[in-house]
Structures are given as structure tokens and as C-alpha cells.
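Heads up, there are several structures right after this.
Below are two complexes that have subunit A in common, paired first with subunit B and then with subunit C.
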Partner chain A sequence: MQELKQASKACDACGSCQKGDKIAPLRRADKADYVIALAGNPNTGKSTVFNALTGMRQHVGNWPGKTVVREEGAFRFREKVFRLVDLPGTYSLLSNSMDEEVARDFVLFGRPDCTVVVVDATALERNLALVLQILEITENVVIALNLMDEVERRGIRIDDRALARDLGVPVVAMSARNKKGLTELAATVDDVVHGLVALKPRRIESIDPSIDQVVRSLVKEIEKEYPGVDNARWIALRLLEGDPGVEAEIRSGTLGKAVHGGLSLAGGQ
Partner chain B sequence: MAAEQILSNAASARQQIGGRLHEVVAESLFKEAERIAGRAVIREGESRKFAFDLALDRVLTSRVWGLPVMGMMLAAVLWITVTGANVPSSMLNDLLIGKGHPWLLSIFNSVGSPSWLTGLLVDGVYLATAWVLSVMLPPMAIFFPLFTLLEDYGYLPRVSFNLDRAFRWAGAEGKQSLTMMMGFGCNAAGIVSTRIISSPRARLIAILTNNFSICNGRWPTLILIGTIFVAASAPPAVSGLVAAGSVLVIAVLGVLMTLLVSRVLSRTILKGEPSHFSLELPPYRPPQIGRVLVRSIFDRTLIVLWRALVMAAPAGAAIWITSNIFVGGDSLAGHFVGWLNPFGMAIGLNGVILAAYVFAIPANEIIIPTILMLTLNLAKSGLAQSGVMIELDEATTRDVLVGQGGWTLLTGVNLMLFSLLHNPCSTTLMTIYKETKSWKWTLWSALMPIGIGFAVCGLVAVVWRLVS
Partner chain C sequence: MSATDIPIGETACIAALNMEAPEKRRLMDMGFCPGAEIQRVLDAPLGGTIAFRIRGTVIALRDEQTDKIEVTPCKN
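Let's look at the complex of A and B:
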């Protein structure tokens, strides 16, 4: 009992989450202050997180490939309205099927204010492949380390602080099914969109030196042409692979312009 | 222009690097993921408890046991549904039709409502909706939660896993087994889910064959016909098992149809090689019973019921009107049914069933009520003479169909087959058009199953008549 009181005092003293922070699901949001994308591998609980935050009743099932279209909802937190976009679950952003394209295009061209990557904590390694790809594109990322109840059940432990340090973005341990960690997630997202968190996304450095040189020179050209672009390296790599979507972006000149609220892309219903 | 300059520089650099880049990038990505995960995950205390999951997977996805266990699970779910739905179904029936219908009639009569209005509203709209409620609600309220429990536990991907090799045999993409599972809930949803398939060819195969997955709207029809026709010809002690078994046979036939038609399509008009696909088996997660109940009631039962009611009321009215407008000695419905009847009888069905499938294009859910309404309306005089009350519990439903409709066991069996093998509902067809943007493929997906249905029913009828 005594311990609990002390803990609650410590909680009062700490300023990291303001008292009275509550997530209020919204029926509809015509005007959102921020747009948040929800990405992740299939079957990691994205839809559960989405439902928990927005109060919507998306069908949730224990199998991959269930969400194939973009779903949107909204919630209010600390007096701001967040529009939440639930993306189809994908293993990569290399887009060779329609669902992957929907997810990739939104993270890339929709320019959400923050991208929450929902990660299955029980299969961290596989999930990190997508996380790293997203970190190449955008730096406003929060990792929702979901299914922590499952991790506990298995007797595994995850050092979420080491993970946050390695990835250079905040990591929130949570269990969306049990409604644990949702407020922390919302608070972290809120901090990120307000620029209160130092973000140093992990970018992959070590590739073949001969290729590296080519990439570097292309990065320089892109940065010269589009000052302020924060994912020039990723764009360079995509151009080198001949990605038609990215090529189109370069041609149309939308690259680098912050299109707030996102473009309206096909794929939503 | 600088943008074009960048693009051409990139293109020439691409030539220089060749195809290596993709692999190099992917490799460094996975190495990095491995390194980071290795630092963050502490596996020391990992429990051996998961031996259970592994053992379970060894059975559920075993080459030998996987498919039989799958069949037995579905059979058990169906059996629980069939036996469990009996009592509440007849209670609802007693309440809504036995008591509610005469009560409504007396109210309408006491306020002096004209007979056409009474007929339209009470015999048409009310009876149709009441039937839908009493006939469909109890089996759905049992079946859907059980099905959702299996889904929540993580069984469905295992089913896909078991079928993966079969789909490769069919020349389709392994992911099609997932879209097929989705179709077992709703074909329209199944069609949308084919977006996970990357090759347009394989996706089209998945779209064209999704209709062979029995959807929410068709499960109740099958369960009911299996119960009142097929099971009734079996000894009472095993009738529940026979009913469940007959529905299972149809469901399995649907899967076989999916594979067979996929194979034929992939060898003829949609030629191509199957692509590789590795399916991830999610962990078994203890289902949250309370949430499953709530979700299956809201997401499935009520939605299907609502669709059925919304469609049944106007269909009921339409049937009543067409049965009561007389042209040249017979009602409009009578003419239509009479016109369809010779062909219907030839393939072991009848005119009423075919007419009902026309009325029920908007929703498969209302097939049974539509058939009953048509049968009763067309045989109205006969009913009045024989004094049959329209009290349709399972036994009297059978009496009406056998007595007034001239149904036999063959009709019941063929109706179950036709329920699997006919055109998708209008919602699904619209979805197919939206996804393929092609009227040609939409038309294909409507006509192909009907053609197969006519052929299969006709074949069964011919053999049946030869044997019996």
C-alpha cells in the first residue's frame, strides 16, 4: 500500500504525462490538427490499436491479410484532433501488391505528421525490417511495441529502452488488446508532432562501397534540387531501383513540399 | 530541367550497378534488423510452455491429420449449431408466427383494414420478416460465435496452410487460400481481400472463384435444408449428425470447386505459373470469449439479420403483389413460376426455387422465406381448404414444401447444391465490378457458377432418377 502511494506521488511529480490526459474517440473529424498513420506487419494488432483509439469497430481477426484498404478514424487528445489512418499490414514497402502500395504511398506521399509502426514484440527481428524501411522515409516515427502480454507469457524480456536508443525514435511498450499503453502511445505521438522529442532515426549505412559512391552523388543532386528533403537517401535508392512511383513524384515536383493532411490516394473505401 | 537531369543520372547509374542493388539493400536491412533485435530481446527466461503450441501445430497442420481434423472441427461446429438451434427456433416461431400473425390479423380486421392492405402487410411483409427471424436468428447466433472463436484463436491461417499445396496444384497463388477463408464470411469482403495477391492473373482467379466459399447468407439456408430434408430421412438418433454432415459435404465441395475451377482457369484463359508465398502462422492466442460473443453478434449475426430483414420485407411485398395480380387466370408469380418449372424440374429443382433465386439476387439470406412465401401463395386455395395454419416450425416447413410444393429428397439435395453453385448476390457482383473494372469479368463471375450449378444439379437429377 505504502509503495503504491509513493509510486503515485512519483507519478504526480513526473511531468511526462499530464494528469487528465484522456483519449476521446471521435465519430468524425472534418478538421484534424494532425494526421497519424498506423503501419506495421500483418497481424500485429494494428486494427486493435486503431479501434482502441478511435472507438471504431473494425473487424479484428487473428490472421494476416485482413486489412487491405485504408481505414480512417479520429480521436481527441490534449485538446487536439488526431486523424488516424489504419494502413494494410505489410512486410516491406517495396510494393508489389495493391495492399503494399496503399501502405507505402501513404507513408511516402501522404506525409503524415507521425507514423506509428505497430510491432509484434514476439517477432521483433522480422518486424524491424519494416521499421527500418519506414525510418529511411520519415523521421517522425513512434514504435508501438505491441503484444507485450504475449512476450510476458513466453517469459521473454525486451529492453525497450535499448531498442529506442538503437532506432533513434520513441518506443512505447503496450498491449492494445488489454488496453494497456494506449495513453502513453497517444502522449508520445503528441510529443512527436509538437517536436518535443529528439528524433535520430537509424539509417542504414553499411552497403557496398562502390554502390555507396553512386548513391552519395545522387543524394547530393537531390538535396541541391530539393532543399529540406529529409529522406534523400531513400529517394536515391528508389530511383536507382527504378521505382515508378518515386519517379513520378520527381517529375511532378511534389517532392519535398509538405502537403499537410496528405494527398487523396486511391485505395481507401 | 533539373528533375529530368536527376532521373537520367539515376537511370545511367542503374545500368552501371545492375541488378545487385535490390539484394544489397535487402541484405543490409535484414542484418541491421537482426543486430538490433539481438540487442533488445532477452530470451533467458523463455518458457517451455510453448511446447503445447508446437504440439498443437504438429497436429493441426500435419500432412496426415491436418485435413481430417479440420473437417471434424467444422462438423462439430455445425452439429452444435443444428442441435442447439432447434428449441429456440421453434419458440421464436411459436411466438412470432403462431401467436403474432393471428394477433396482427385480428388487429387489422378490427380496424377495418381493406383485405388487400392486410394481405400485403400482414401476409406479405410481416410473415416474410417473421420467418427470417425465427428461421435464421438461432442458427446464426450459435454458428457465428463458434466460427469467430476459431478465427480468434488463430485457426484460420492453419487452414490456409493446410490448403497451400492444393492451391499450388491448382496453379493459383497460395494467398488465395486466405481470401477464400475471408469469403466464408462474406464474398464481397473476400473479393476485396484479393488485393493481397500481387499477380493480376492470380487475383482474377481468386475473384472468380470466391463465390464457392459459402458466405454468411448461405450457411443458414444450408443448415435449415440439411436439417429438414436430408436429416429427416435418417433415423432420429443420428439426424443431427446427418444434418451437420450434409452441410459439411457442401462446404467441402465448395473448396474442391474452388481448386478445380482455379486449375481449369489457370490452364486455359488465365494461364500462368503460381508464385511463391510463405504464409506466417500467427501464435495461438487465447480467445477473449466475451469480446468474441459481442463481436460475432454485432459484426456478423446482426448485420446478416438486418440485411435479410431489409431485403425480406420488400421481397415479401413483391411476392404478395405478384401472387395477387391475376392475368389470364393465373397470377403474375404463377406465370413466372410455371414458365420456369419445366426446366427446374428437369434439373431436380422446381420453378419456385428458380423464381426464388431471382427474387433473392439482392441477398442470399432470403432464399428460404422467399421459397416458402411463393409455395404458400401459389397454393393458397389448397391451404385454406386443408385448413393448414401457417405455423412454420421445422416440421411444418417440411410439410408445406412436401405437401404443397411437391418436394422430394432430391429437391432438398439439389437446393443445397444450387445454394453453393449459383450467381453471387448483387452486392458481391458490384464489388467484383469495382475491383476488376470490367463488365466482362463481372458477367463471367455471375454466369460461370450458374452454369456449373445447372450442370451439377442436372447430373445429380439424372443419376438419381436412374437409380431410384
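Let's look at the complex of A and C:
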């Protein structure tokens, strides 16, 4: 009861929440209105957020690398059904380990309506590297600033409004293990998928014109070969970088296969 | 000097990563970028592995890797 009272108080305090906002975990969801990805560095509380929103019991523990495959669940919020996808933790969209590729492929080729990046607020600098990579490829992003209880306990101060302004996407301070901030997170995600939030993702602007030209022409080639492919620019940059994994996956048409059957299904042959 | 030479408890800044692409990429993903501050916090009892605090997390690396991380005293 005490917890419930606190939750509704938190909800009153949150700008995007409305009276009566309630998260209803769903046992099954055959038809979802929106697909939401849960990404982030290892051990930041993604599965804790997932369990709290969906009522499922994914493996949670205090060491990195617990979630190794994609797990799905669902919840209802404001009359809509949200399918939530819990991903393995990853430091980067550029890594090539198996579980990290699962996360990478879903973020790049799974076409989520919104990507929630769960970050460890006690190690913000480290966590922001992946945030910036994700902001390069999609603007529908919400930052879940998790472990805020630990931040307070250690006397760290974080200006979450300045962070949201600098990143150009919403930031929700929360503590998933204590069930704090979940309604705010759901409300913010709901606002983003309905286009109610102005999104100006921070991106790298100073790319050398000569490189940019090469990237553009490579993007054209990729799109000609694989019509309808997602994130051709990201693929082009990887090829230029000489990423052997991505090059092999392009050759065999298996890039993103875990998500929707691979590039060949996206239109190429 | 290399990261292997940092005295226990001391801090240094990364100057360069003297290795090839996949290994270099991996280290950079974990936060070991030129300019980053690293502190040697722990040595494995039997040697061979050194744990560094970097950007708020402790990460252990093998000697073969730390030998190739060039460090300098941090400015300021």
C-alpha cells in the first residue's frame, strides 16, 4: 500500500503522466500496437525493467552477460498494447560477439517504434557511448536513467534536464529495482511513439566532406543491391571501416537475419 | 610506458592503442580510448591479469593487452 501511494505520488509529479495511468502486464500479446526495444550496456537493469513492465521473470543478477537471447513480453498502457523486447547488454553497436550481435541486429533492423536505452546512472560517461551510437541511427529514443537510488546514496548529482537537452531525447530518472519511475517511463515511451515529443538526437556533424562523399555513394550502391534495407549508412560506414563480420554478412545476405530473415528478404536476391 | 607498468593504485592516461582493428575496437568499446583515465586497482593473485577502474567500472585485462596500451601521466 505504502508503495502504491508513493507510486501515485511520483505519477502526479511527472509531467507526462496523467491521472489513472496504469501499466497492465499482459500474459500474451498476439497483436501489439507498438514494439519497444530495451537496449543498454551489460548489467544496467534492462531485465529488471522488462520484468516490472511485463510481469515476466527474466534472469536478473549482479553480473554482466545474463541475457543472451532476445526475450519478448507485453503490457497494456493507455489502451494500447506494447510489445517489449529485452536485449542482451552491449557496450557498442560495433562489436561482434554473438549476444551483442543479437542486440545490434534488433536495434538496427528490428524496426522498433521506440528504443529505450537503460543506462547505469552511476557510470554515465561509460554508458553514453552506446547512447550516442544509437542516436546516430534512430531518433525515437528514450533514456532510462536507472539506479538513481544508488546515485543518491553515493551523493552523485545528475542534471537530468540538461542531459535531455544535450542529447535531444527524453530522459527518465528511475530506480527499476524499487519500482520507481516505471509509469513515467511508459508515459514517455507512449508520448514518443505518438509523436508528442520534439526529438533532436545529438549527432556527429563534423564528418570530413571527402569521407561523406564516399559514404553517400556506397549508400547508393547498398540500396540498389538491397532495396528497402534499413540503416544503409551504418552498413556503409562499417564496410569502409573494414569490419570483417559485417562484410561477410553483406556477402552472404545474412545481416540482420536473426530479426527478419536477412538482407535477401529485404529485397535483394 | 605501457599500462602494465602503472604502479598499483596509480592513475595514468591512455596515449595510444598499439594493436590491430578487432582488438582495438573491442578495447575502445569498453572505454579504453586515447585520453581516457585508467587506475590500476587490482592484480590477479597469480599474475597475468590486471584490473583497471575506467569510467566508473572495473575491467580486467590480460598482460598481452595491457602491454600494448601506451600511457602517459595525465595532464592537470
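Here is the rule we use: the second predicted complex is superposed on the first by the 194 of 269 C-alpha atoms of A that agree within 3 Å, B and C clash if a C-alpha of one lies under 4 Å from a C-alpha of the other, contacts with A are read in each partner's own complex, and residues count from 1 in each chain.
As a convention for this text, a residue touches a chain if its C-beta (ideal position, glycine included) is under 8 Å from a C-beta of that chain, and two chains touch if they have at least 3 such contacts.
As the structure is a computational prediction, the values presented were derived from the model and not from experiment.
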Which superposed partner A:159 touches (first subunit B, second subunit C, both, neither): first
Subunit B versus subunit C as contact partner of A:236, first or second or both or neither: first
Touched partner set for A:125, first subunit B, second subunit C, both or neither: both
Contacts of A:197 with subunit B and subunit C, given as first, second, both or neither: neither
Which superposed partner A:225 touches (first subunit B, second subunit C, both, neither): first
First, second, both or neither for A:81, with subunit B first and subunit C second: neither
Superposition-derived comparison: subunit B or subunit C, residues of subunit A touched: B
Contacts of A:150 with subunit B and subunit C, given as first, second, both or neither: first
On subunit A, the residue positions that both subunit B and subunit C contact, one per complex: 96, 122, 124-126, 129, 241-242
Touching residues on subunit A, where the partner in the complex is subunit B: 42-43, 57, 59-66, 68-69, 88, 96-99, 102, 122, 124-126, 128-129, 131-133, 150, 153-160, 162-163, 166-167, 177, 202, 204, 206-208, 211, 214, 217-218, 221-222, 225, 236-237, 239-242, 247, 250-251, 253, 269
Residue ranges of subunit B touching subunit A (in the complex, touch as defined): 2-7, 9-11, 13-14, 16-17, 20-22, 24-25, 28-34, 36-47, 49-50, 151-154, 156-157, 160, 175, 178-179, 181-182, 192-193, 195-198, 279-280, 282-283, 285, 288, 295, 298-299
Subunit A-touching residues of subunit C, taken from the complex the two chains share: 21-22, 25-26, 28-31, 54-57
Residues of subunit A that touch subunit C when the two form their complex: 91-92, 94-96, 120, 122-126, 129, 241-242, 244
